[in-house]
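Common to both upcoming complexes is subunit A, partnered first by subunit B, then by subunit C.
Moving on to the complex of A and B:
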């Protein structure tokens, strides 16, 4: 039963991933990504990580994908805008790179390096346990991520909103005073 | 795991940098009351304070946050290199950003945040901290690259750098996931899984226990190296470097060349020494690692220096030269991973210090000569600089000589140390020969700049802007010049210090 679900979800994930990169229209790509996100969330559920599965659905399928769709709609991207074919040597190189990577991972699977793993703690994967791990074992990364997000926010604001106030010639319209953009 | 004042004390340098970033950004809100001119002082003060707090941790050799960070000599020297790059860049920036109209608090805030990321990288002892450090540093640098929004080149450079950087981060993260998988699935027998903390599985030294040539380890390592090689601009992941270096404002270019290299090379060196120590029981993973790195290093030195020959834009030329220097430092990392002797790793530290100073100096000079309409970029625009601005031309000559590796400069000493170690290690003699040949080639294009400044007449109508009021850049250049000569003339103290730093890692 578990195996059947695993096969189904992983097949859907591969299908979604393939469609995401092969569709020419950005909108279809984004929608295919949703299949992928949903399927990965299913795999996480099988791996007894319900909290992660839920987060995956809420954050990626819910929030991030909607953001993608909005951006695509706002930019009114069409198929023609997605850029032409890459020159064949590049395509060949990319193909070789992917094949080598696939070979390495396939070798790892075929040599059965992935041992069957059982959750060792009761309640593994529950919100409670995830929280405990996050605030005990991973407290530094957890806090440092906030710096990362702060840096990204600061950069986004300064790139998008700040008026450049050059000393000369005097700024035209919009900008008031030296503070600009606040 | 319990946290205490101990952990925070070891984390103080990062906290000081982040704190001064916060102060700089907040002070900008009151810019009408406080002069914006105070911002560089705040940033400089924060950087110097962080450097002092790093120095005060010398000799501690302790782990913080349950092993996520390790404060030892390597962390301190590389952290200091990052602080030096930041301090010099702040000095070079002050007048440049004012004339470009981007002297926001956020400019300095992002710079200090990137420096904090580099200091985290220098201390990173597990893969999670490595990832977060790289991301904090990179995101801040992407934004800084595009900060002069009204220049199309700057925006284009930021966009390219960001997209390629995000892509390479994907590789890095996938590599980390596979490395984690390799530790979990094969390390169970070693009893790592019984350790009290989940984060122990991500530690760099856990990789040393993974059996040789495990496909997962090889795949993970390959992807990890792709991510790291991108950040330092190693061939074949260097394509973004010339565009980003050319488009970014000159002081930012000097900053990112130095800080990013200090951070990422700290990680590579630590990985070489801790995760794949060759004299251990398992020799195989070590040779996989150093074999791959050796080829990357050779290709990087050759491609970087040969491509630089054809450049007519000074910033692009220096971008290719920075690729070449990455190759030389990589040679040091390769030799360090194959040697029990601390000398090669100490040579890497010395080279990074020297590189940070001479790069900040050469880009600082471009910042000093920048004017309202833009920067002096084309080589031909530097013609006759010596006649009009002899001091600037002399400083530039010094930095070029140092980058080329001509005695008595820091760059010469750095190259000498690294290539001497490569020659002593018979296995990498070919790397040393490649490197020396590439350095000889590089002398040509560095001298081309000197020839233009001293032996050509200025182009018609070319005015070199006077920079006498740019005290910050002048002070920065003076400091960088003195350090370049000092490191070249009497390097013994610094080399001893780097050696002691390396000895504290094991």
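Moving on to the complex of A and C:
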């Protein structure tokens, strides 16, 4: 049962990933990416990592992808905007790159002997265990990441506010006092 | 009919007949509560506006939703010319799926002793239920987003845009409100959160989280309105500006699926608020450790009474408050609710250390 679901989710993940890059329409790419995120989350669920699985669903499918959709809709991107066919040397290069990467991963996987895996302690993957690991063993990396995110947030604010500092050019006709709304 | 205790599937835990009964029961409740809610909404709105409301079909007009459903089924199902057909058909299903799924994490009543084994009245057990709820609320926006985009209509598209921004913003406020509840209850498991709220102060004041975490309750409640796209936050369909918003182009059963999704989401949200803040299925003066069938059914009744009160409040709010403007909505979410929620977490932490 477990294996059947694992195979199903893995297949869905591969299909979703493939469709994400092969669809021309950005909206269908986003839909495929959603399938991919859902399937990966399912795989994590089967591998005894329920917390990680749901975080994946919440953060990637629930927030980041919604932002993608937002941008696609805001810019009204359609199929025509994808830029058409790429030049053939670029296609060839991308194909070779993918093949090499696939070969490397396959080689690494084939070199290893696989044994049936057991969770190393009871409650592995639960919110409590993840929290304990994160705030006890890895508290320094965790804090460093938070500084990184803070820096990124500040960068976003600076970029977004760049144009707000300049005074707006006076409107034609001399009517003033219609500003505000920031 | 099986006789219970019969393992159906070999896995970590055998799935029993009664477990399946719970699954079917919860799904049936969600499906049946929706027409009732539609009826209640129409009757209560009529009461508020000093009208009569639907009262002809069946006793008190109770069969009106059935009549509406038949009417909708027989209406012409129009797919606009410029629409993206695949996404247009997919969107209503995408909207309904998460709304119907969220009820699975709710513990509807006290565990029942059946055939020598404890039966939990909850479909999705385990301690990640709350996370599943949050994830599914996040996913609920896809139906609206794809629906509006696929309609190839500027009003529908604007509705979708608004819905995406709104759900994203209020999910953060909701999550932050949740964290302080987790801190009070010392757990993320919904059953533990309910158990933590049993008992009373001074013999009659229930130890509900709404009294321990009033600010978190208010934030979660407001965010729930926004997440379910209900007035005063129904900017995604805002008929004064956007015709019908994201479902402008939808007709017949596809439209009703969006409609169903809204009400199912409202029901699930009320169940979640009840579980988190109003003591779930527990009630003051409850005997501890009771596992009888009748007692369990009584707790289910208590749970649904609380949910009904909340649903009534949801409906009354819709028919009494005017709609927000979109920038006001964003200001409320980002500049009021989120800082308040963060301050509440800090205050909870300090209070826990004292």
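Everything below uses one rule, namely that the second predicted complex is superposed on the first by the 156 of 182 C-alpha atoms of A that agree within 3 Å, B and C clash if a C-alpha of one lies under 4 Å from a C-alpha of the other, contacts with A are read in each partner's own complex, and residues count from 1 in each chain.
Please note the rule applied: a contact is a pair of C-beta atoms (placed from the backbone, for glycine too) under 8 Å apart; a residue touches a chain by one contact, two chains touch by 3 or more.
These numbers were taken from a predicted model, which means no experiment stands behind them.
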Touching partner for A:54 - first (subunit B), second (subunit C), both, neither: second
First (subunit B), second (subunit C), both or neither touched by A:95: neither
First (subunit B), second (subunit C), both or neither touched by A:62: second
A:157 touches, of subunit B and subunit C: first, second, both or neither? first
Which partner, subunit B or subunit C, touches more subunit A residues: B
Partner chain in contact with A:126 - subunit B first, subunit C second, else both or neither: second
Partner chain in contact with A:1 - subunit B first, subunit C second, else both or neither: second
First, second, both or neither for A:34, with subunit B first and subunit C second: second
Which of subunit B and subunit C A:136 touches, first, second, both or neither: first
Residue ranges of subunit B touching subunit A (in the complex, touch as defined): 1, 3, 11, 18, 25, 28-29, 31-32, 36, 64-66, 68-69, 98-102, 104, 106-107, 109-110, 113-114, 116-117, 120, 128-129, 132, 135-136, 139-140, 142-144, 146-150, 158, 178, 181-182, 184-186, 188, 193, 197-199, 214-216, 218-219, 222-223, 372
Subunit C-touching residues of subunit A, taken from the complex the two chains share: 1-2, 27-28, 31, 34, 50-51, 54-55, 57-58, 61-63, 66-67, 69-70, 72-74, 76, 126-128, 181
Of subunit A, residues touching subunit B in the complex: 101, 104-105, 107-108, 111, 113-115, 117, 120, 133, 136-141, 144-145, 147-148, 150-152, 154-159, 162, 164-168, 177-179, 182
Complex contact set, residues of subunit C against subunit A: 9-11, 84, 87, 90, 126-128, 131-132, 134-135, 137-139, 141-142, 145-146, 148-150, 157, 160-161, 164-165, 167-168, 171, 188, 327
